Every structure is written in C-alpha cells, then in structure tokens.
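A single structure is presented below for examination.
Letters A, B, C, D, E and F mark the chains as written, and numbering starts fresh at 1 in each.
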Amino acid sequence: MTTNLDLIIQNILNPPILFFFLGMLAVFVKSDLSIPQPLSKFFSLFLLIAIGLHGGYELSQSGLTPYILKALSLAVLMAILVPIYSYFILKIKLDVYNAAAVSATYGSISAVTFITGVTYLQSLGVEYGGYMVAAMTLMESPAIIVGLVFAVYFARDKNKKGESEKTNWGEILREAFLNPSVYLLMGALTIGIVTGKNGWESMSPLFGDLFKGILAFFLLDMGLVAAKRMHELKKLGPFLIIFAILMPIVNASVGIALAYFFELTKGDALLLALLSGSASYIAVPAAMRLSVPEANPSIYLPLSLAVTFPFNISLGIPLYYFIINNIWS
Amino acid sequence: MKKIEIIFETIYLNRLLDLFSEKGILGYTLIRDIEGKGSTGMKSSDQIGDIFRSNYIFTICEEEKLDSIIEGIRDFIKRYGGKCMVTDVLLITPTVTDQNLKNE
Amino acid sequence: MTTNLDLIIQNILNPPILFFFLGMLAVFVKSDLSIPQPLSKFFSLFLLIAIGLHGGYELSQSGLTPYILKALSLAVLMAILVPIYSYFILKIKLDVYNAAAVSATYGSISAVTFITGVTYLQSLGVEYGGYMVAAMTLMESPAIIVGLVFAVYFARDKNKKGESEKTNWGEILREAFLNPSVYLLMGALTIGIVTGKNGWESMSPLFGDLFKGILAFFLLDMGLVAAKRMHELKKLGPFLIIFAILMPIVNASVGIALAYFFELTKGDALLLALLSGSASYIAVPAAMRLSVPEANPSIYLPLSLAVTFPFNISLGIPLYYFIINNIWS
Amino acid sequence: MKKIEIIFETIYLNRLLDLFSEKGILGYTLIRDIEGKGSTGMKSSDQIGDIFRSNYIFTICEEEKLDSIIEGIRDFIKRYGGKCMVTDVLLITPTVTDQNLKNE
Amino acid sequence: MKKIEIIFETIYLNRLLDLFSEKGILGYTLIRDIEGKGSTGMKSSDQIGDIFRSNYIFTICEEEKLDSIIEGIRDFIKRYGGKCMVTDVLLITPTVTDQNLKNE
Amino acid sequence: MTTNLDLIIQNILNPPILFFFLGMLAVFVKSDLSIPQPLSKFFSLFLLIAIGLHGGYELSQSGLTPYILKALSLAVLMAILVPIYSYFILKIKLDVYNAAAVSATYGSISAVTFITGVTYLQSLGVEYGGYMVAAMTLMESPAIIVGLVFAVYFARDKNKKGESEKTNWGEILREAFLNPSVYLLMGALTIGIVTGKNGWESMSPLFGDLFKGILAFFLLDMGLVAAKRMHELKKLGPFLIIFAILMPIVNASVGIALAYFFELTKGDALLLALLSGSASYIAVPAAMRLSVPEANPSIYLPLSLAVTFPFNISLGIPLYYFIINNIWS
C-alpha cells in the first residue's frame, strides 16, 4: 500500500517538477539564469498543441459516449460554480473589481497543472480519459464571463459617475473564447479528431515523444517567473495567501465529490479535481487586465502563479490522489 | 514637428492604436517588449503571458494636432497607466529645403 | 481507383495543411495568436537543414546517374523558362520593375511547397528521388538573375535621366547564390553527401523524425502571416489574382509535359511540377527589394504568399498528381 | 550635438551603413525588428523573411557635419523609403565640464 | 523635465541600476539587446554569451536632480564605457494643465 | 591500425564539425545567414541540461568510487594549475589585467569542446565515464577565482591612486559559482542523480536522442560568431595567436601526463586533456568583464572563441587522442 508520503515523493522525484524548483532556486540564490521570451512562447505553444492533438486523437478513437458527455458536463458545471462562490468569499476582503478578477482566475484552469497530473497518473499506471482535454478546453472560458458579469453588475453605481464607459461585450467574448490558449487548444483538438490515428502517428515524434522534456524546460521557466513574483506576496496579507492554498483544496474536493457521485474513474476524478483546483496565469489574467483595468494584476497573478501553481504541482496532486484513492477503494 | 513617445502595457496596444486612428494619427513606430520600472513596479520582457509587459511607441505629428492628441493620451494614461513625453523634432523629408535645417 | 476528390481529401487531412488553415482562421476570427519571429526563423532553418541533409544522404547512396542529370537539367530549364514567359505575360498589366519582380518570384521555388508534396507522395506510397532536393536548390537562383536582367535591360531609358545608378552585379550575384536559403540548403546538402549514412543516422532523430511536426508548426505560422497579407490583395485587381492561380497550373503543366517527354517517374514528375508551379516568398522577394527597389513588394509578396502558396499546398498538389496519374498510366 | 534618427527597411541596412561611413559617421546605435505604420502600410516584426520589416537607428554627430549627412539621407529616403528626424542633444562625455550642462 | 539616455554594456546593467537607485532615480525604461558601433568596436545582438552586447536605457527626471545624476553617470562611463545623452522633454501627466503644453 | 590522418578525418567527417565550418564559411563569403539570439540561448540551455542530466544519470548508476574521486581530483588540480602558469607566461606580453583575464579564460573549460570529444569517443567506440561531466562542472569556476586573485593582488599599487574601489568578493563568488552555465549544469546533474534511470528514460527522447542534432545547430551558430570575431585577431599580434594554439596543446599534454600517471582510462584521459586544453567563451569572459573591466574583451574572447575553440574541435581532439593512443598501448 502506498502511503501519502510515497505519493508525494513519487510526484516530486519527477524531472519536470524538480526543474520547476531549480528555476525558483535560481532566483533565490541570484543566479542570472534566464530564458528568453520567444522560448517561453515556443514551449507553451508546443504544450498546447501537443495536449490538443493527443486529446483529439484519443477522442477520435473513443467517440462521444454518454460517460464522456457526463464528464464534460461536470467540468463545465465546476467552471461556472467555482468563480461564483469564490467571488463571495473574496468580497470579504477585496473590492468588486479585484474580487471579480481573482474569482475568474480561480474559476479557470492551468493546462500545465493538468498535464503534470497526467504524467503523474502515467507514472502510477492509473487510467484516465483523453476526453479530459476537451473538458479542460471547455473549462477555460466560462469563468472569464462569470467574473466579468460580476464586475459589471456590482460596479454599476460607480460607473454612473464616471463617463459612460460601455462594456465592449464583443471584445470580451472574443477574449474569452478566442484567446490564443483556448483557440490553439480547440484547433489542435479538432485537428487531432479529424486526422485520427494517421495524424497522430505523423505528429507524435515531436508532440508525443518530446512532451515530458519540453514540459521540464517550460517548468524551469515557470519556476524563474514564479519566484520573481514572490516578493509581491508580502504586500498581499495572510487572507489572500491562505485563500490561494485553501481554495484549490476546496475546489478540488468539490470536484472529487461530484466525480464520486457521478461515478467517474479514479484517473478522471483526479483530473477533474486538478482542473477545478488550478488557477489560470496566462489567459484569464490577460482577459482581466483588458476588461477590468481597475483590478490590480499584482494581486491575481502572483496568487495564481507563485502560490497556487507551485502548491498544486508539488503537494496538491498527490494530496488529491490520496483522497480519491481512499474514497474510491 | 512634435514627437510624442508613450510607454504603455502591451495588452492595451489595440486600444492605443484605436485612439491614434480616432485622432487622425496615421504613422507611428512601435518597439515591443521593452522593460521598465515606475510607480506600478517592474515590467519585464521575460514574462509568461502578457501581463506586466510594456511597449514603447512614438509618433511624429504636426503641432496643430498636438493638443487634441495629448488630451486623448491623458485619458488613456489615467485609465490604463503608462508614461508620455513630448519633444520637438525636425522631420527630414525628401522634399524639404535645406532652409528648414538651418531654422530649427 | 482513387478519384480526384479522394486525392484532395488525402492531402488536406494532413495535420500540417490543417495547421496552415488554423493559422489563417486565427487572423480571420481575430484571435491574438502569434508566433515570435525567432521561432519562424528556427522552423525555417530547421526545414532547410533537414531537407538538405536528407537529400544529400540520398544522393550519397544513389550517386549521380544519367537519369538524375536529366532530372536536374529539366529543373534548371524550367527555372529559366518560367520567369521569361511570365515576364511578357505580366507586362500586359504591370510596369517593367513590377513585371520583373513578379516573374522572378514565380520563376523561383518554395521549399515548403516542395516538402508538402514530398509528404503527400509518402502518404500515397509513391516513390520519388532524393536528388530532387538538388533540383530544388538549382532552381532557386536563376530566376533572380533573369528577373534582374529584364529590369536592367528594359528600364535603360528611364535610368538615363536619373543619376547614373550602376547595377551592382556583385551584390546581386551574391544575393542570388548566397542568400541564406540557398546557402544553407547547399551546405546541408553537401554535408549530407559527405557524411553519408553515418552522418544521416546521427542527425535523423532531430532532422528526420521531427520533420513533420516542425512542418506543422511552421505552416501554422505561415497561415498567420499569409492571412495578414490577404487584405492587400483587394488593391491588386483580378488580373493579378487570376495570374497567381492560373500561372502555377500553367507552369506545373509545362513541367509535367517535360517530365513525361523525358520519362521521369511519377513521383519526380510531381515534384518537378510543384517546383515549377511554386513561387518564392522569402529569398526572391528579399533579392528584389534590394535590387529593384522600384517594384512594389505589396504586389509580389502577397501574390506568392497569400494566393499561390495556399492554392498549391491545398488544391495544386492533388490536382497536379491527378493529371500525372492519368497521363502516366 | 545633433541626434539623427532614421527608420528604414531592414533589407537596406548595409546600404545605410555604407552611407554612414561615406559621410564619416563612426558611431551609431541600432534597434532591429521594430514595427510601424506609415504611408507604405504596416511593417511588422513577425514576418517570414525580411520584407516589410523595419529597423531604427540613431547617430549623434557634430552640427557641422549635419548638412552633408542629411543630404545623403534625403537621397536614401527618396530611393528606399523611411523616415528621418533630427533633434538637439547634449552628449555627456567623461571629460566634459559641468559648464556644458548649464549651457544647453 | 530632462531625458537621460544611456547606452551601456549589458553586463553592467545591475551596476547601472544600483547607481540609479543611489541617485534617487525611481523610474526608467530599458531596451535590451540593441546593437551599435563606437570607439570600442561593434556590439551586436547575436552573440553567444553576454560580452559585446549593449542595452539602451532612459530615465526622465527633474532638472534639479540632473547634475548629481550626470556626475554618477560620468564616472560609470569612465569605468565601463558607453554613451550618454541629455535632452529636454515635456512629461505629460494625467493631471498637468494644458498650459504646460503651450509653454514648453 | 588507424593513422593520425584517419583520426582527423574520422573527427571532421562529423556533421556537427562540418556545420561549424559551414557557419564560418557563411561569414567569409558574406552570406547573410544569421541565427537569432534566443535560438543560441535555447541551444546552449539545451546542451547544458542534456549534459548534466545524462552525466547525473550515469553517476547514479556508478556511484562515487575511489577511481571517480581520483578523476575528479585531477580535474580540480588542472583547473587550478593551468591559470597559474598561464598567467606568468602571459605576463611576458600583457599587463596584469589582461594576463589575469586570459589565464582565467584558459583555466576554465568549454562544454561544447567537451561534448564534441564525447561524440568522437562514441564514434570510435572508446569507453569513457559519465562522471567526467562532474569533473567538467568542478573545473568551470576555480580559474575565475585564480584570475581574480592575480588581478587584485598584482594591481594593488595602481588601485591605490584611483578611488578606493573595493573588490566585491560576494558578487565575484556568485559569478564564479552561480553563473547560469555552472548553475544549470550542477542543477541538471543533481536532477539526473536524484531521478536516476526512470528520470533519464522520461527525458532522453528530448535530451538524449536529439543531442547530436542540436549540437550541429549550435555549432553552426558558433561558426558564425567565431568567424565574425576573427578580424580582431589581426590586431593581437603573433604572440597571442601562437599562445592560443600552443597553450591548449601544453595544457592537454599536462592533463594526459597526469592521467597516465594516475592510470585513468583512455577515454577519461582524452576528456581530461580536452577540459584542460579548452578555454571558456561564455562564463569566464562574462565574469572577467564584470570583475576586471580594465581587461580588454577583444583580447580574451577572440582568442578563445576564434582560435582555440576551432583548433580543439577540429585538430586538437584527434591529436590528443593520437598521443593517448600511443602512450597507453
């Protein structure tokens, strides 16, 4: 029987995770290590395409079964629920704009957290469904809309005094559904579905075999960037830091409960938990900066990038799996 | 002529270009992914994602247009942050006479 | 028996082609997807080196047979013929400078069109010769010289009135034969020949196995860039747009006729047709901008990049193969 | 001293540097792959190939040299396009006296 | 206000930023990996490693601070090389009155 | 029996070496070939991580035997000896600062020279130890310290007249031991040791299989950069050019003598010779520019990059191996 500690060690003794901490350490010891921005972009484009293509290929093999539809529905449900209840928790300490932005951030997902969970399941030999990539794609956008509706609705009074700034919903919807992450993921997913087995076979030497190596490279970069933002946490106070650690656990637990109730497999349950518990650090922050400039990015970005992300990939994954493992068996 | 330089967050580029075309500014030069420090902390070029990244843009325009443009930029900065500077420049055109150079 | 439609679908259901259209679509729906320039450069360097090395390796195995010399001669012939007759067609509507620049563009080749044709032949299981890479390399430069000779010769009178701008033939020859594309292709080809089987085996995990994946990545980028140039087509008028679709078909047909007459194999015939029918969008436009600044790049670049290239990789390849298939059998 | 700023198409870089050395300009600063819009449309940095890409260069020179240089640049722009601006600057050198600063 | 522009070797960036904070400069804008030529030869952006690479930085400051800053920069340049220029600029702030524009 | 010439040809007919000369040639014939800086950075990060991970994995399999400790000690000894005697040779012609900077450059190592030697041994089928990567890591920093001690000690008098510039030893030590090259190599080595066989298996499709291809790419880039610096050699005079060719031979010979005396294997002896004979062109020049700004980088960089590096990877490697082969057997 594997203990909780074994599960953590199994997760941490994984080169990608260790490269993340190597990146963080570089900042703490003031090494000048840096990764130019075009490379970050390359790694993240690569990962999105790879995740999409592989998920699409698996969907092309499995087809759209009732079980899959159930899993996808649960995912969308979580993507709408999480930002709603997060908003009201956050309103305790934050103003309307910041509460809306932070709740949107936590309502959406982190693709890298997701795939770190996938490699964890692979290392344990636990099965999971390729359709969870579709679930992830569906979960990226709703929180942006929910967050914005809150911001617009609850800030009505303030706006009245200022000049009549009409909310440009067209731009916001485009930002929510066509931002580069969502667009590329959907596109690659579709190409994966359409080209099926042949397509995947021609693409897998790049997008399959090299996946873990590129993930390690990208996590090295994320470690650098996350550590550089850490100093901003000091200004945020304990409420938000605690939020950024407890909220993922709460959201993941709600995801696990739903997964249990609707009889998902253990692997799918972990991925739903991770998607629910993870927070966005690329797509949603960009959307919020554009549509809610009043919110302070030095709140929502460091929380997501420098607290929730490291927590999830190091301790969160084994913790959620420990819970699932105990409940399911 | 006047040179108007603006430093602004990358993410608001389209809005600034919209403002430019509203104000009849037809030409500009843009340098992406610069870095900087100011009242809102550090902007660096090696972010993951587009938050905390800056661009630099400048446009050369006639002095008559200046007031109207500056007004728009002031609103822009009030809402989205950034810095703006104005200097005098002499624009060299293929047809300008040497006279202009002397008179600057 | 495969029908024409099957051939098209076989070609289009290819991840690289689909990624090209995914890139175009991103521009049309105004997604902010973008690929930083150093990555474009990486992909194009990669593809040139990979094509060169592999072609060189195959040449080192086959040696220089009379058949190969015949194929190479036909290639050079096409590279000289095409810009000559194109010039006189283009003079109907364009001035000397623009006619010269467009004809040079169409007289030269597009390496990515070529390799898309190669992957198409591979998917059909049709044989072709590695020496066609050498043919491609030989076809890059002549059109630049032909175009320039036209520009200089027919624009003599105009030049007389202006200051005596002497044509710097040294610079132009260097641009024609030593521009980065030609140089790298020739260099990699030579290295491939010299290092033979051992060399290719050590390089193939990068330059062989990952080829299709990188091609997909690069085509995504080309889709973005091509779509961004499309708005310029409106200003060009129907003559040029029709030219950019009909001319590839004409040039490919001449190539097919020669290939048939000189008894090339079906695979080699397709590649000769594609090389003849494709137009340059990197090397020749750069050479023309340098040596014929009077020509308008908003004519020759969009025609090649936003019309001929998409046409060739989607419909041209199966169309040319359909013709060849019917004639040869 | 005068600061001469030029925006030009990347592809003509060598020709501009040739012009500089012809005119006795020994120092310059260059920023590659900038973007911009003007009468000849958009120049962007994410092209495939070198067409429609721009560079930005500036050189600080003595006022006496200005006329001759500007004449060369004017011809350059006439033939190859681009924009050129001139401004006054004070060059700080390790040996300059504080006097210069005051007199600007 | 004054605009102080400095071109310096990439490797000395931290030392220049230390100088800035010593002198009370709180804001600056930085463009990395520019190229250039001067008395110490070519600096290019496609080096392997950090030697022979240049950055460009500018800071807008009040005229009163200028002398003290320039003095520090002069020492910096004497030791580490580089170039520095000063120009007059008008800083546009969200609160400045239109009067300022006219009086420049 | 392989002759010396065979050994050279065996080394030169290697795609990576040929790509280096292709890069140099591009500069000599004035082709515009260029590789954007983010790609150089990518290749060098890749190579450092790959070398570290693989060395760490091999160390995890071998453990720390007395033989390995012996090899590591010899490496450190060479890293301290070389800069000391180099300094006094260089003082014949150079001032304190430049002598210190050049001797630090030659006391440290070049990772790419090392791995070119490794691929050479592989092509000959000669065994070598993965722990030599640890040896290399240990050899990077000492020369920086030695060079600086010389510069500070012998330049005392000069400094007295100037303003009292205290040497910032904290910064220098960080630069010596935590510069990006050393940091990443140490980090990857550690991750390789900690994650062992499983870790390496998940990373090797990227960092193992693609290694030679990326090395070829990086050497193409190094060829371009080295050739661009060559014109500076003219100003340096014959003493320094001869130094840059003879010194590697001397240092390698001392390394070979030590290896023979302490009974290292032939493969390990070659690598020790190469590490001793190679000179740094990234980490040490950066450290010297920072801590000895009085030294002229146009001396130490071109010597290392444009003379010693090309010499070592083309002629040095087979020469040193020829010597070893004759002595050991």
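Convention: a contact is a pair of C-beta atoms (placed from the backbone, for glycine too) under 8 Å apart; a residue touches a chain by one contact, two chains touch by 3 or more.
Note that the structure is predicted; figures quoted are calculated from it, not measured.
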Neighbouring chains shared between chain C and chain E, ordered by label: D, F
Contact-graph separation of chain C and chain D, given in steps at minimum: 1
Classification of the chain D:chain E interface as same or different, half of numbers criterion: different
Which of E-F and B-D has more C-beta pairs touching across its chains: B-D
Distance from chain B to chain A - Cα centre to Cα centre, in angstrom: 36
Rounded Å distance between chain C and chain F, as computed from the means of their C-alpha atoms: 42
Shared interface positions of chain D, touching two or more other chains: 31, 45, 87-88
Residues of chain C touching at least two other chains: 34-38, 42, 209-210
Pairs of chains satisfying the touch condition: A-B, A-C, A-F, B-D, B-E, C-D, C-F, D-E, E-F
Of all residues in chain C, those that touch chain F in their complex: 36-38, 41-42, 45-46, 49, 53, 174, 178-180, 183-184, 187-188, 191, 194-195, 198-199, 202-203, 205-207, 209-210
Residues of chain E that touch chain B when the two form their complex: 1, 3, 26-32, 60, 87-94, 96, 98, 101, 104
Chain D-facing residues of chain E, complex: 7, 31, 34-39, 45, 54, 56, 66-67, 70, 73-74, 77-78, 83-88
In the complex with chain F, residue positions of chain A that touch it: 13-15, 18-19, 22, 25-26, 29-39, 42, 119, 123, 209-210, 212-214, 216-217
Residues of chain D that touch chain C when the two form their complex: 9, 11-12, 33, 40-41, 44-52, 79-80
